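Each structure below is given as structure tokens.
Shared between the two complexes below is chain A, which pairs with chain B and chain C, respectively.
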Partner chain A sequence: MAALLKAALALPVLALPARAGAIESGEVGLNILGYKERGLMRVTEPVAWGRVELADGWEVKGSAAVDIVTGASPELVTNVSGKPVQVITGASVDDRRTIWDLKVSKRLGEWTLGVSGARSSEEDYLSRAYGLEVKRDLNDRNTTLTAGFGRAADRVRSHDDPTLDEPRDTREYLVGLTQVISPVTVVQTSLQWGRGEGYYNDPYRHTLTFYPEPSVPAFAVDTRPDHRNTFAWITRYRHHVASHNGTFQAEYRFYRDDWGIHAHTAEIAWSQGVGGVWTLRPALRYYTQSQADFYTPLIPQPQPAILSSDQRLAAFGGLSPSLRAQYQHPGGWRFEGTIGYIENASRFHAGGGGSEFFETLRAYYAIVGVSRTF
Partner chain B sequence: MAAENELQVHAEDAGIAGRAARAAIAEVQRIEAKYSRYRPESVVSRINAAAGKDAVAIDEETARLLDFADACWRQSDGAFDPTSGILRRAWRFDVARVPLEAELAPLLGLIGWDRVERDAAAIRLPQAGMELDFGGFGKEYAVDRAATVLAEHGIASAFANLAGDIAILGEQPGAEPWQVGIRHPREKDGLIARLPVASGGMATSGDYERFVVVDGMRHCHILDPRTGHSARGLQSVTVHATSCIVAGSATTIAMLKGAIDGMAWLEALGLPYFCVSEDGTVAHTFR
Partner chain C sequence: MRVAAALLLLGLCACAPVAPYQRGYLARPDMGFEESPGMAKTQEKVFVAKEAASGSGNVGGSGCGCN
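Take a look at the complex of A and B:
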């Protein structure tokens, strides 16, 4: 390679520095997500986002979203002699959540420094977070090391209890490695640790259990540990197959926390280019988790100090197929649409042994988006 | 050089700009006259006419250009060969037809940069019928020389374009970069990208300049001297370098190497590049 440049230096021509123009470029877009869970809950989420690359290696990214949640909050009533019955209560979830985040990063040679902030608020919940990130490119940018720190300060409130205003603090640490293996193959892996302290209870959740004896049902409010330590390992693999004009994508995530949950997520996808402007991406995701130590759909006797019947803490598994279509107009407009289906069920738990009373969840979602580069 | 050429020069007064521009144009014309294979008195025509016979004396400029061509030949494992222009005799891109192997074979026998006898002062093509062609780097060299002449006239902001081979000498007044459009390989008159460039040389090779489509298969003018057939795997490659001659030869070598090897080679070269793969997707952008 150097030989080519060296031979050119012997020519009577000026070596002009190969400098790109310091010009701003960027992208803006709007996505709308629709989600329907068996008539239980419908969420629509318009997200506006943008990204601007400025001169001298500055980059600013941001997004803002409004979630409109309508429907009803499920509540669980259990019966020791039978199947739990999920009741849709009158106290409906009808909330509006606003979210925004902003990230500024600056490239300094092989280093990239990033600072981010985010805020999410709804009537009964407020989250403020910030993050710091350092990236280092090595080996002609074929290797990138990432280290990050994030901190979130949340407040949990309740419509039902105006006196409730409890804090929750979370710190997260990340180290990652991105490696270009060949011009068509990239592997990315990262380790993430989280340490949270504070209020984890769901103020709307109660567990009610009817026993054959005595006739008075047991009643328990949702009570969880006041801390949660998490660990996750995520690996992504992408391989472009030029002969088929497609890219194979695979992702695996391992998660565990000190509540007793171990989870595995695996996703495979194939992104197929069609005619230069279309991309179709069918994907299939599988998820499985063990149950939290204190998950119980029934109130045991004697009643323990901590317990929750939130079925997101149960042992279950999920399958989620999706299909995304994208149209890239050469003028810079991009249109995309995704449809997907989620089914979470006890029987999908890896190796069997899913929680007996897990109510199968079936949901459909669709995302449509438009974006434009400038 | 029958193509769209353009020279934009910014200077404090029009007189300085005009003088510099005229000198740059004269330099381009000098190089064309010296290396054109269409002019019987050119260095290239004299070398070709003496093929199989005598060595032809060459000056230092020609010797250095041939050294550069030699570096390209080595870097490309023989795919970039200054004696491969002879394949034009079999490939006529105005007729939708693929030459027969029987037509290509005798021409392939006349290609071989490694057989050319050469030193700093003379060159000899060892076989009658062999041809040397500066087509792969002559125009790029001319545009680099134009930029050099402009710089020698004190110009700090100029844009020289010889049919897509570009040399840029500093930003436009007001520190505005020049906007270089990259032609869409499949949409006539369309752009696939627009890149701001402050300075440097830039060139694009594509399979859309001259080609024929036979039985659904596209055959382009970038011909591999080892097979006699067209390069495959990439629709277009653009490279940004310190000179146009480096950019131009790098794009040609990448096209000849194809998608996987070509992109790996460009990565190793370390220069910013933009390429469109055979399926029409942008496989790499400058950033």
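Take a look at the complex of A and C:
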């Protein structure tokens, strides 16, 4: 934790404005995430973040985090016991991931230009990314158009194979619109494309299939296409109900890619003010996806060149209720906490037809945070 | 294409402009799309590693070995 705080304080988001002596307003915060899958892994993640607005329309924001992952991760899918199941074959996972990101933006009249950078480092994965963003306010700032470009250059490695060091490059494009509909309603919609190429295989995942007739069982390493083109349409809606001191929040995302996956994500939430300093936000999130063309928990005969038994590529759905509570102290301190439950299951797939052998995932998470505005 | 058309129509909708003095409610944190930035971003990570879909309306984020 001390190292994290030291890293956070070293961030330009905190140090540079202080030297400049031109901070107009800002906010710094620290969150801690705890995530636990039933019978599998546990994740703890402290996140330090900050945002400052400077004179002359400058804004700087950034964050630094450490993911601490422990527990077990399934690496083999086999039907040795009859039906295909995930089996934990390796030693328990004990991994750390460090992440930081920084974004600097500058307002020039009705234009806002932004540049961002991000880095994520694990023992077996390295990602370096940058982004460029342009915003244009129109219609007396009732309408905002956004365009963005991002690029990530990743390296995929493996604990098990020191010779593995493969690239994965992704380019992202974004156009968006934010529209004020009325004094109590605003909507934002964005289109996002991703063009990726490189190494997408999971170096730890394998499939072992036994056949009914006496024959040699088949063994396959996870092999995926060397490209992935994605499209997402994200729409967010906010409507304040003054008579109830609450705000209705809704989000919807449509996603599809050239691996054959179509997905829908919807979330609704109600943010209720209580007594001037408290806010309660119950939310319900629903997710459903079709399976990738090459997903199979059993190795077909003849064996295809591309296949994966990773059940995150299966057809399933998920339900996730959550509750957030926030206390806003008049002195500028804010304390907040979120608890949530996730259940991903075949039966939640929209319209039925989820993957037969999908193993239900049940997970709990909690996030606590403290922040201060200045 | 239909999505792009819908986006364009939304942008050209005949919404009456909201004057600055009418924007008190719009300035509330729960009306923003980055409400409680640290909290929302942390919560989003919980789902990213367990689902195939991605896309949060932002570009330039780093990748992850978890997916």
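The criterion applied here is as follows: the second predicted complex is superposed on the first by the 344 of 374 C-alpha atoms of A that agree within 3 Å, B and C clash if a C-alpha of one lies under 4 Å from a C-alpha of the other, contacts with A are read in each partner's own complex, and residues count from 1 in each chain.
One rule holds for everything that comes next: a residue touches a chain if its C-beta (ideal position, glycine included) is under 8 Å from a C-beta of that chain, and two chains touch if they have at least 3 such contacts.
Computed from a predicted structure; not experimentally measured.
Trainee: Going by the contact rule set out at the top, does A:342 touch chain B (first), chain C (second), both, or neither?
Mentor: A:342 sits against chain C, while chain B stays out of touch.
Trainee: By the touch definition at the top of the document, which applies to A:313: first (chain B), second (chain C), both, or neither?
Mentor: Touch status of A:313: second partner only.
Trainee: Once the structures are superposed on A, label A:49 by its partner contacts, choosing first (chain B), second (chain C), both or neither.
Mentor: In the superposition, A:49 touches chain C alone.
Trainee: Quick check for you: in the superposed arrangement, does A:242 touch first (chain B), second (chain C), both or neither?
Mentor: Touch partners of A:242: chain B and chain C.
Trainee: On the superposed three-chain arrangement, identify whether chain B or chain C touches more chain A residues.
Mentor: C
Trainee: A:140 contacts which: chain B (first), chain C (second), both, neither?
Mentor: The answer is both, since A:140 touches chain B and chain C.
Trainee: Now for A:119: first (chain B), second (chain C), both, or neither, which partner does it touch?
Mentor: The answer is second: A:119 touches chain C but not chain B.
Trainee: Touching A:287 in the superposition: chain B (first), chain C (second), both, neither?
Mentor: second
Trainee: Where does A:184 make contact in the superposed view: on chain B (first), on chain C (second), on both, or on neither?
Mentor: In the superposed model, A:184 contacts both chain B and chain C.
Trainee: Looking at A:359 after the superposition, I want to know if it touches chain B, chain C, both of them or none. Which is it: first, second, both, neither?
Mentor: Neither partner.
Trainee: Mind sorting out which residues of chain A both chain B and chain C touch, each in its own complex?
Mentor: On chain A, the residues that contact chain B in one structure and chain C in the other are 140, 142, 182-184, 240, 242, 273.
Trainee: Under the stated contact criterion, what part of chain A meets chain B in this complex?
Mentor: Spelled out, the residues of chain A in touch with chain B are 1, 3-8, 10-23, 53, 140, 142, 182-184, 240, 242, 245, 273, 275-277, 330.
Trainee: Could you pull out which chain C residues touch chain A in their complex?
Mentor: 3-4, 7, 10-11, 13, 15-20, 22-26, 28, 30-33, 35-39, 41-43, 45-47, 50-65, 67
Trainee: Which residues, counting only chain A, touch chain C once they are in their complex?
Mentor: For chain A paired with chain C, touching residues are 29-31, 33, 35, 45, 47, 49, 51, 61, 63, 97, 99, 101, 103, 116-120, 122, 124-125, 127-133, 139-143, 145, 148-152, 154, 156, 168, 170, 172-184, 186-192, 194, 230, 232-234, 236, 238, 240, 242, 247, 249, 253, 255, 257, 259, 261, 263, 265, 271, 273, 279, 281, 285, 287, 289, 292, 312-313, 318, 320, 322, 324, 326, 334, 336, 338, 340, 342, 344, 361, 363, 365, 367, 369, 371.
Trainee: In their complex, what parts of chain B are in touch with chain A?
Mentor: Contact set of chain B toward chain A: 61, 64-65, 67-68, 70-72, 74-75, 141, 144-145, 147-148, 151, 167-169, 171, 175-179, 184, 186-187, 190-192, 195-201, 233, 240-243, 245-246, 249-250, 259-260, 263-264, 267-272, 277-281, 283-284, 286-287.
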